[in-house]
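Common to both upcoming complexes is subunit A, partnered first by subunit B, then by subunit C.
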Partner chain A sequence: MFNQLMQKGRRLAGIGSVVAALGLAAPVMAQDKDPIVFGGSIPLSGVFAFAGIHLHAGLTDYTNWLNDQGGINGHPVEYIMEDTAYEVDRSVAAFKKISGNENLATYYGDSTGFMKAIASEVNEMNSVLMSGASFATALTNNETYPYQFIPGPNYTQMFGIILEYIASQGEDGDMPTVAFVYSDTEFGKDPIENGKARAAELGIEVVEEIVTKPGSVDVSAEVLKMRRARPDYVVFHGYILSPINEFMVQMRQMGLDTQFMGTFWSSDKLIIDKMGEDADGYMGVMPYNYYDSEESGPMLDALRAQAEKSDPEAGYRPTGYMQGWFNAMVWTEVVKRTLDAGKELTGENMAEALASIEDWDTGGIIGIPVTVKDMSFPVGRIWRVNASEGRYEPVSDWIHLD
Partner chain B sequence: MRIGDAKQTYLADEAIWTSSTQKIWFALLLAALLAFPFMASSYLLYLGCLVGIAVISTTGLNILTGYTGLISLGQAGFMGVGAYTVAWLSLNTGLPFPVTLLLAGLVAAAVGVLVGLPSLRVKGLYLAIATLAASVFLHFIFAEWEPVTGGMEGLSLQPAHLFGLEFRSDFAMYFIIVPLAILALLAAKNLFRTRVGRAFIAIRDRDISAEILGIPLLKYKLMSFALSSFYAGVAGGLFAYFYRVVTPESFPLSMSIFYLAAVIVGGMGNLLGGILGAAFMTLVPEALKLLTAVMTPIWPNAPVFMSPMLEIIFGALIVGFLIFEPHGLAEIWRRIRRFFHLWPFRS
Partner chain C sequence: MDWLFFGEISLAGLAMGGLYALIALGFVIIYKATRVINFAIGEIMMFAAYLFLAFAGGMEMSPWVAVPLAVLGGALLGGVIEKTMIRPMLGESPISVVMVTIGIASILVGLVELIWTADPQLLPSFLPRTPVFIGEMYLAPKIAYGFLIGMAMLILYLLYFRFSRGGVALRATASDQAAAYSMGINVRRVFNLAWVFGSLAASLAGILVAATGGLSPQFGIIGLSVLVVVIVGGLDSILGALVAGVFIGWLETVAGAYLGGEYRMPATFAVLAVILVFKPYGLFGTHEIERV
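For the complex of A and B:
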């Protein structure tokens, strides 16, 4: 019977739960079952390679760790990826190639552009659950992107967390003021309108709004505007480093005591490595504990042990590594829930399993139990750079948006 | 070996296919193109469609840059105009794809004429900068004209349709893209057998001489821009139907450079060069990945180290072609053909 079932469906993943339901609880060697395939369009080259190699390492290490634990319900897990150079057409090509050759369950997309371009196909396939490097607000529109999720808060939610923190620093009638500085890209503009609306709700005045090119260096004219507006906080979005460093250095030189904040992709060690002491006090919103934070938990410890095992020379692992690991963790949880429910691994069933995640303990990757809302994990914490220690330290509790 | 194809009339001399050998090869090519989607994997089919779209756009740019000598960095912008036209029409009118694609071409052509206006006064690098500026301007419109373009989020559209048939899959899209690519190539081939096409070439070779010969430069330069943009518009429209989403970031400046590189690598002023260039630029990065695939079983970390290397190899290949074969892939192809003309009697 087992062999017959094995031959039957394209989606053999349900077998584990069938076996369990029949009470055949005899341990099954992982290699006896068909593998669950995690696929990925990974930017190992191109402009996003700085993060891509760590995303890849996180996904690889998690998969190896998971297989050492016996896989998912006895199914081994395979992680199959292709480099994309961060180009949408090549990401789509990678998806077609991998999905054509493998029985894909989940997939890592390297950009918002790719996630949008592949959406119609993913919707029609109804067999893959997708997440990736994008935290775009648009992807949490469940009607258009029913099988894509965000492995953390989306950019609007990140702004929500930042603004809640800022609001917590003020008092009624004496709320801090804020300025938004963002890049002239889809990435940069993503949370701005919603962010302004949220600021208004919280009674925070947005005193300046500046749009720049990503990576721009000469921001002296914009800094003069900041001097006039004198915001208590500047929130950057849509950058990796520049012009954040330029704004911070020039505004401090002018004697402004503004505090600087950023979102996920601009809240890594890069800013400390490049700015040194000048990075001190910069704050970022981060949904995961940093690799070198003082926090711990069974999964976070496992992550550190696996990272050490796979590359003892690597030392600190950037946030991209944590993000890759967490993506694969969510996929595992979703696949497990789907299998446990005796369902096939369809996009619809997996999306349903994802939506059922409530008060999920991530073992220390995120510091509090998390609940999925609108295909995202609306949780994060504000961390501040301690330049002398060369790392980020938490300055707020975990903030879970309702 | 090919013999006995001496031309005895001017008509025969001007014919596109001058020998039965060519006709047989062309028929075989058509048969192969027809059979391809039935045999190819979804991955190869996708690449086939991408090459088809690239061939149309590259041919358009070849008309402008290769045949008329007007360099342009606005091709991605014109494709964007076509893509947004198709997306808007598809969302607001529900017109079938032949109409939307035609309108996409026409709107892009109109924009092309506007962008081409400076070409009477400036050429070479100056024109490149003028078209670059137009490209930036178009990108700004795509991003900011929110009621029409959907702003930074862009537009999602329904599949192409005709007579109740929907073209959802790559398989279905292949049967739109490839015939249109063939049609575009045939049209371009014929263009250069007409007065208009010859005028383009005359302008490229020496515009002052062309003017003295009675060719109105403005008219023909704008016509070249219009035709080139028409091709780009149709290619952009196909791009929109293919991905079913259009955002301002779908058409970056790097895309214009991609097409310019395709024209140069393939061979400027040569339609076959456009095809080979488009195929080269699209397929070689994918083919190079096979190196990684071969090495991964023995070296698990190969993707991390090989991926950036492949980009360098790809760049080196382009530079190599420019140095060792300035006339492009088309010239290599021509030499191969010449070799076989007298084969096996003389090589």
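For the complex of A and C:
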């Protein structure tokens, strides 16, 4: 019984993942060049563990796959991480330890707080390029965070994509109205001001703005405000699951025909698995193709094959897995471009290589060629839950913000 | 002013307050009888809610079986905690005992993550989904029915403490342990009973709150809101727990609706600060006089 439970909880991280994480897994290819080290502060426990386990699996599987392909220009790649429990001080300690012991090239940060806290040190070191779980708008400020990037659109850009979609649903003179619901956290507040400005530019009226505590909260009173505002769309940000379900269920009980949308961390299959039929019609913005989408491409197929190989019983891989894989893909591309240019792997050179990415074919991970802008990939697509099929289906083309 | 809106908001707040009162009751029963401030109350609630998830979700039992089983499981957990971890601390410094309860909270979170993973969860729907209208005022059905179940439990508790032998023993021990002991009351058993009853109330409240707001290993943080309730009401006052629970629930909701969600906690902690200045033992708490 206990073993079954353990398998269920940790299967996706995988025993192989742990071995790789400890840096003990020798690359399959016989390579005599110095290894290139991917480091990571990974939240395998704590409040973000639900995603951290999958991020870690994505990073591990990609690294193993890459080494099977011969590494980067003949350099084997090592992925070395520590569990941080999603605590900034532990993330900082992990970074110091890994960067002190290893010849670190790139690093996965587990939170916006960590990415901000470590920025001055990363800038001073000028030897590491960092990305991670955060899509914070602030991190795309190249002056303050020159060696950090976002592996997708930042939260403001996600709101931009959502609002463009909403605007496209309006007919002449009858633009839909929208309400923003966000958590009372730095994460939740991130895109709100910019989102309101963008909505005004598009002629979309923001009829209500609701702040809640994150996680398990009663939102009956907030739903009452929605009953009066009657928005055509509600955009959630800063949540994983609750209280999105309560807003949707209660607003529908009141007879409102509002449509519901969310950003990256609110758009995983978890919503479908936990809400069931109630999730039907929910929409999310996602920069990557879902694991179980009908899309394909050489890299997406490789991802699916590697995921299957590392844990045949895992089945569907969440968006965190895709995000971890894509992070490492970008690191690889950046390191390769830097080495190909005959340059050292400094923060500055790698940031320059990142900025040079234009019309990059990600092999199906993202459905269109992508171009880096302000250290981010401002691209995404709107997907809608088909509850009877148990998955998200695309309802828009890929939107690449200028 | 939109009085209908104010009425609806107040109703939602009072209903949530009823659940706070139930949790606070669990907290106060334990403190009153044993003088232990139980910082693990939120995690006991969480554990019971996960038990319900396992029974009703995983094992697909009827909610009418799963709820009592989960509540009894939570009560049993309270009893085991008392017997194995709190009783050996008898006579130790109160800070040490508090630290033990904080440790228990941490263990329960770890246990839940190990068994049910860290994924956020939703409980299987077991309360009616038809909107409830009181006059023209709308009340979310989960809150309305949760409140009714919580109130029924509260009334049962009050009757038990007033009229049963166990209730009288508990009250006697709470008022004077030495006197109760000399009158032949098995004080150790009463301590255990207090943890069982306290955890039972908290467990039911945990399931009802989780049915409304969802469940995750961080669910126990709700214990912080309840700490405000019991300090405002008085740590050792059942009446205080009921009054303060309903009041804090109402205040949180009204502050959230009119000032914004970010003002929910500041509003309640502001009340806490004011109460502590003027009534350091809470609204209905016992003012202890120590003579040296």
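Simple rule for what comes next: the second predicted complex is superposed on the first by the 371 of 402 C-alpha atoms of A that agree within 3 Å, B and C clash if a C-alpha of one lies under 4 Å from a C-alpha of the other, contacts with A are read in each partner's own complex, and residues count from 1 in each chain.
Assume a residue touches a chain if its C-beta (ideal position, glycine included) is under 8 Å from a C-beta of that chain, and two chains touch if they have at least 3 such contacts.
All of these numbers come straight from a predicted model, not from anything done at the bench.
Using the contact criterion defined above for the overlaid structures, shared-chain residue A:78 touches neither subunit B nor subunit C, since it reaches no partner. Using the contact criterion defined above for the overlaid structures, shared-chain residue A:45 touches subunit B and also reaches subunit C. With both structures placed on the common chain, the touch criterion links A:110 to neither subunit B nor subunit C.
Of the two partner chains, subunit B is the only one touched by A:138; subunit C is not. Of the two partner chains, neither subunit B nor subunit C is touched by A:208. When the two complexes are overlaid on their common chain A, residue A:164 makes contact with neither subunit B nor subunit C. Contacts of A:253 after superposition on the shared chain: subunit C is touched, whereas subunit B is not.
Contacts of A:96 after superposition: subunit B is touched, whereas subunit C is not reached.
Of the two partner chains, neither subunit B nor subunit C is touched by A:232. Comparing the two complexes, residues 45-46, 49, 53, 184 of subunit A contact subunit B in one case and subunit C in the other. Per the touch definition, subunit B reaches subunit A in the complex via residues 41-43, 45-47, 50, 143, 151-154, 156, 159, 168, 170, 243-245, 247-250, 282, 285-286, 289, 292, 303-304, 307-308, 310-311.
Within the complex formed with subunit A, the residues of subunit C that make contact are 2, 5, 8-9, 12-13, 15-16, 113-122, 129-131, 138-141, 143, 209-210, 212-219, 221-222, 253-254, 256-257, 260-262, 264-265.
By the touch rule above, subunit A contacts subunit C in their complex via residues 5-6, 8-9, 45-47, 49-50, 53, 184, 210-213, 215-225, 227-228, 240-243, 245-246, 249-250, 253-254, 270, 274-275.
Interface residues of subunit A facing subunit B in the complex, by the touch rule stated above, are 42, 44-46, 49, 53, 56, 81-83, 85, 88-90, 92-93, 96-97, 99-101, 113, 116-117, 119-120, 124, 138, 144, 184-186, 189-190.
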